[in-house]
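These notes open a run of structures that come right after.
First subunit A sits with subunit B, and in the next complex the same chain sits with subunit C.
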Partner chain A sequence: MVKYIIKRILLLIPILLGVSAIIFILKTFTPGDPARQILGNNATQEQIDAKRDELGLNDPVPLQYVRYIGGVVTGDFGDSYRTGEPVLKEILPRLGVSGIITLGAVFIGAVLGVLLGILSALKKYTWVDSLVLVISMFFQSVPEFVVGLFLILIFAVNLHILPANGIETPLGFIMPMLCVGLASIASYTRITRSSMLEVMGEDYIRTARAKGQTEGKIVYSHALRNAIIPVVQSIGTGLANSIGGGMVIETVFAVPGVGKYIVDSITQRNYPSVLGGALIIAFVLTIINLLVDIAFVIIDPRLKTTIIAGGAKRKKAAKPKAA
Partner chain B sequence: MAKMHTPAMEKIERRNARRKKPVKSTPAYESWKRFKRNKTAMIGLVVVCILILVAILAPLIAPYDYQTQDYTAMLQKPSGAHLFGTDQFGRDIFSRCIYGARYSLVIALFCTIAALFSGGLLGIIAGYFGGKVDTIIMRIMDIFQSIPMIMFAMCIVAVLGNGIPQLVCAIMFASMPTMARNNRAAILRVRGSDYIEASEAIGVGQWKMILKHMIPNAAGIMIIFFVGFLAVSILMMSSMSYIGVGLAAPTPEWGLILNDGKAYMMTAPFMMIFPALMIMVTCFAFNLLGDGLRDAFDPKMK
Partner chain C sequence: MSGNILSIKDLVIHYETQEEVVEAVNKINLDLNKGEILGLVGETGAGKTTTALGIMGLLPPKVGHVIQGNIFLEGEDLLKKSQREMRSIRGKKISMIFQDPMTALNPVKTVGDQIAEVIRLHERCSKAEALKKAQDMLAMVGIVPERYKEYPHQFSGGMKQRIVIAIALACEPELLIADEPTTALDVTIQAQILDMMRKLQKDKGTSMILITHDLGVVAEMCDHCAVMYGGEIVEYGTVEQIFDNPKHPYTKALYRSIPSLDQDVERLHVIPGMVSDPSNLPTYCTFYDRCEECNEECGKHDPWIVDIEPGHWAKCFRYTPEWTGTPVADPAETQGEGK
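Presenting the complex of A and B:
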């Protein structure tokens, strides 16, 4: 177990190096001179040259990359081209805002998705089942920002219940969370439904029925407890999607989170901020996935074999069959 | 045994006599039969066909040109002359939405084909060769995947600039890991089959094996990803152009039309409602179609 955790933590290093390399390469191909961008159009050529030297832009790209990585290890993600503030200092307070929205969204999506999934599994092949399918697919088909716009039209413009943008009051969090959460119910519904259908066919469910257990108790304490495992496991991937959806939604609602920060930085071509933001998001995502996996092994020892041996098993399956 | 002559039997016999030859039961035919029974999937198929027709016949359907500005008719409410109203430049929103079908569908198609060729090829290679090749490809894909897809696409557009080829390129790179993973899984499913082993035994070459034996057998699953991804790329494209990263005006892409309407949300909500509906209907239809195809090709997956 300890060996597994150490191995997973070591795997973080190539992932983060890779992410930073990809974005670094993108950055070096970007047209435009960052020095001119910082100094504005009135700067003289000497000033720009001096700034380029100061930023280390005249050095070869690999050297710039190594220097950047060296900085990241010590917590220095570079300075924003626009404000001159350290990127980390700008991102950290925003991380909390995005975190709340993402967690809220995952919560809304998972709770609604699981409920709908149970409902459609219990009423399989009836109109309820089809209705649930259509509802969840509807929210999967609508871009988050369109849901956001309609929510603004309804709750902010017409009913004046919720603020249209910003998070001055906690109420401002509700609509962003809803938008991102609703978009994700389809995947949770689908997993819950198939997992419930599988579990409901197990022998222990028949045994419970034979012993006269009430149907509600069977669904809740026998079936759901077992069926929920793959659902919770899928939350890791759900988080990545919710963070992506959150980026757009934060921009729609003008919420000062990491997503809006990155989108703004992209449109302003403020690359240290884009790079820092992407790295921090990749780091957080990978850590969360690791924690989810570890938590699972602790909660359900049966999974130890599937999760820990997952890598080995995959490799074996992929190998060409020795005929 | 004497032949029964009940009315029902006669009906069956008459029907059999009408059929000229017995229906062949190929896997594709079985899938089509399953698909036809699925009402929601058929609705999806019909809507998708209508959208394709609309895109092809856009110049015939649209009453106005999508970029003709008419300053005598700005921000008009939906009426007989302008079915969906007009925008702040007096452009007819109905015509823009109709031409938008052309842009959105074609760009989505290009994105999906590009993603299938790049990511799909990587996945097929990883799945077929296995071992070290598999590990290297999939680890690289893991790295790509640890950045949320839309964020990655936006970073690429930021570098390449706005425009259709740039957008296609961005969505292709961003979707590569998902495509690779899905196609690898599809190949692995047929990898262990007996006929693959048999072709290996008679000495079929590697590329012939992949092209002639594995891809056709994994095609059903790949088509499902293909249709599903069309919806995903329309969603991504419109989200990106809505926040101003991706395409530039005056392209009548649905996300961009929505972006135009943003400033007039309070006074002229119709500017946003209709393009939003177009996106919703299109993605919904593609998702219904994709789900139906999944049930049809692969009843076990349901």
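Presenting the complex of A and C:
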């Protein structure tokens, strides 16, 4: 198991190298001069040239890349063009904010989704089943920012119980979490429903009935633990999607998270911040996927043997998406 | 009647799906004496598993329906019991071993927990005591008790079936229904498992219904034998009666299809035609289309039960006093006529 975890962590290296290389290339071919961006339109050509030298922008791209990676290894992601502060120092607190929102959203989505999925599986082909389908599809189809605006209208403007934006109070986290979470319900519901239906038809469920076990206990003690496996599998992907949705939502609610930071940095051509943000998100996603895989082994004892013996053979879980 | 543990009267079970109604079990009557083993034989689709599920009250919900009949367990009609009462009977008074041991165990629970579960359900005891008893059960079916912490995938097929048997016997049921307990296993393991089952059955005096399509197994294990065809029991008697004096043409055909050492393999008998389709059963004898001994009467009515000797009956016109026809020798011709 330890060997497997180490192997997976080593796999992080090529993934992160790939992500950074792609962003680096994009940056090189994007028009616009960061030096001018920093100095403003009144700067003279000499000032700009001096700045370009200082930033190392006149060196060949591969050299810039190697230099950048060298820095990353020691925890130096460069300085923000806009503020001059180290990127890492700017990102870490924002990462915390985004982390809370994303985890909260995944929690809301997964818990509600799994509950609704179980419900519609047990009541298959009844009106309950259809109602669940309609509700979850609704939240999936309506864009998150629309839901966000509605929530603001209801809870902030009319009821005055939640702040419309910002996270000055912990209450400010609630609506962003809800928006992103509600959008992900449908996929968890669908996965839980179909996997629950499959599991309830398995022979070992009949064995449990033949023992005289009650239906309720059969559902949560026998079926759920088997049915939850594909759901856990999808949490990795769910997180990646929630980070994407989070970017929009952080803007809607003016929440200072990584998503908003990256979006702002892109518009400002603040490349060190974009690069640093993307790399850190890729890093976090890969670690989460690893944790999800470890969770599998705990849930499904069959995997322990295959993972220890065969390495990452059944590694079909979501590949981290670069933000 | 006092010697009967199980008594089935005129049981009819249908599967009702959107497209069709499958008449899986048609008016069967069965009696099982205490401490005996009854063999239930028949081809695939004959309705053996359906009968067993009917007794257990485990027919697939919404699809499987008992249309009429009674199933008496020690004089009490199981079909009149509530869900709750049935739950206290299942696993305790009646246990069932299912057809496929590979899928019968929950893959994410330890085998110890799975045996302990049934003990906890029916006996007042702590979790630790139940686990202790689960280990005793493992030892009883010939598995090292220390392996109780392992998961099903860590055991071979034969061992899984032993574990399934341990679950079924954990609460010392009065009636054990074993649905083809060895078909999924290879031959040497089959013999081991059957030996073990017979030994445990004798020790505990458990009554048993052994479902199989292997007449050899019946000869070795059973006291009585019921031959099932097209949802009906077509012949019933003691194993000696059925083996020494088979009467129903289907039973006879079954015998001829058993390979034996002193027989040429080429001469192995194959029952012509297909098993009748239970979603479209005829109003006349269900075996008519494949029968080698029928006459015209058979194609007109449903045959009734005819006593051959005490305790031995067959559902066939051939043994009625009115029977006149001479058997039609050519099976191919018979088939053509049947349509």
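Keep this in mind: the second predicted complex is superposed on the first by the 297 of 323 C-alpha atoms of A that agree within 3 Å, B and C clash if a C-alpha of one lies under 4 Å from a C-alpha of the other, contacts with A are read in each partner's own complex, and residues count from 1 in each chain.
Throughout what follows, contacts are C-beta pairs under 8 Å (C-beta built on N, C-alpha and C of every residue); 3 or more make two chains touch, one makes a residue touch a chain.
These numbers come from a predicted model, not from an experiment.
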Sticking to the clash and touch definitions up top, decide whether subunit B and subunit C on subunit A clash or fit. fit
By residue count, is subunit A touched more by subunit B or by subunit C? B
In the overlay, answer first, second, both or neither for which of subunit B and subunit C A:278 touches. first
Contacts for A:149 in the overlay, against subunit B (first) and subunit C (second): which applies, first, second, both or neither? first
Applying the document's definition of touch, where does A:131 land relative to subunit B and subunit C: first, second, both, or neither? neither
Quick check for you: in the superposed arrangement, does A:225 touch first (subunit B), second (subunit C), both or neither? second
In the overlay of the two complexes, what angle sits at the CA centre of subunit A between those of subunit B and subunit C, given in steps of 10 degrees? 80
Examine A:115 and indicate which partner it touches, taking first as subunit B and second as subunit C; both and neither are also allowed. neither
Contacts for A:203 in the overlay, against subunit B (first) and subunit C (second): which applies, first, second, both or neither? second
Where does A:57 make contact in the superposed view: on subunit B (first), on subunit C (second), on both, or on neither? neither
Of the partners subunit B and subunit C, which touch A:254 in the superposed model: first, second, both, neither? neither
So after superposition, what is the minimum Cα distance from subunit B to subunit C, given in Å? 9
Subunit A positions touched by subunit B in one structure and by subunit C in the second: none
Given the complex with subunit B, which residues does subunit A contribute to the contact? 14-15, 18-19, 22-23, 26-27, 29-31, 130, 133-134, 137-138, 140-146, 149-150, 152-153, 157, 194, 240-241, 243-245, 247-248, 251-252, 259, 262-263, 266-267, 269, 274, 278, 281-282, 285-286, 315, 317-321, 323
Would you pull the subunit A residues touching subunit C in the complex into a rising list? 202-204, 206-214, 222, 225-226, 299-302, 305
Per the contact definition, I'd like the list of subunit C residues that touch subunit A in the complex. 56, 58, 86-92, 95-96, 98, 100, 103-109, 114, 117-118, 121-122, 151, 153-154, 164, 167-168
The subunit B residues in contact with subunit A across the complex are 40, 126-127, 129-131, 134-135, 139-140, 142-151, 154-159, 161, 188, 191-192, 197, 200-201, 231, 235, 238-239, 242-245, 255, 258, 265-266, 269, 272, 276, 279-280, 283-284, 286-288, 291, 302
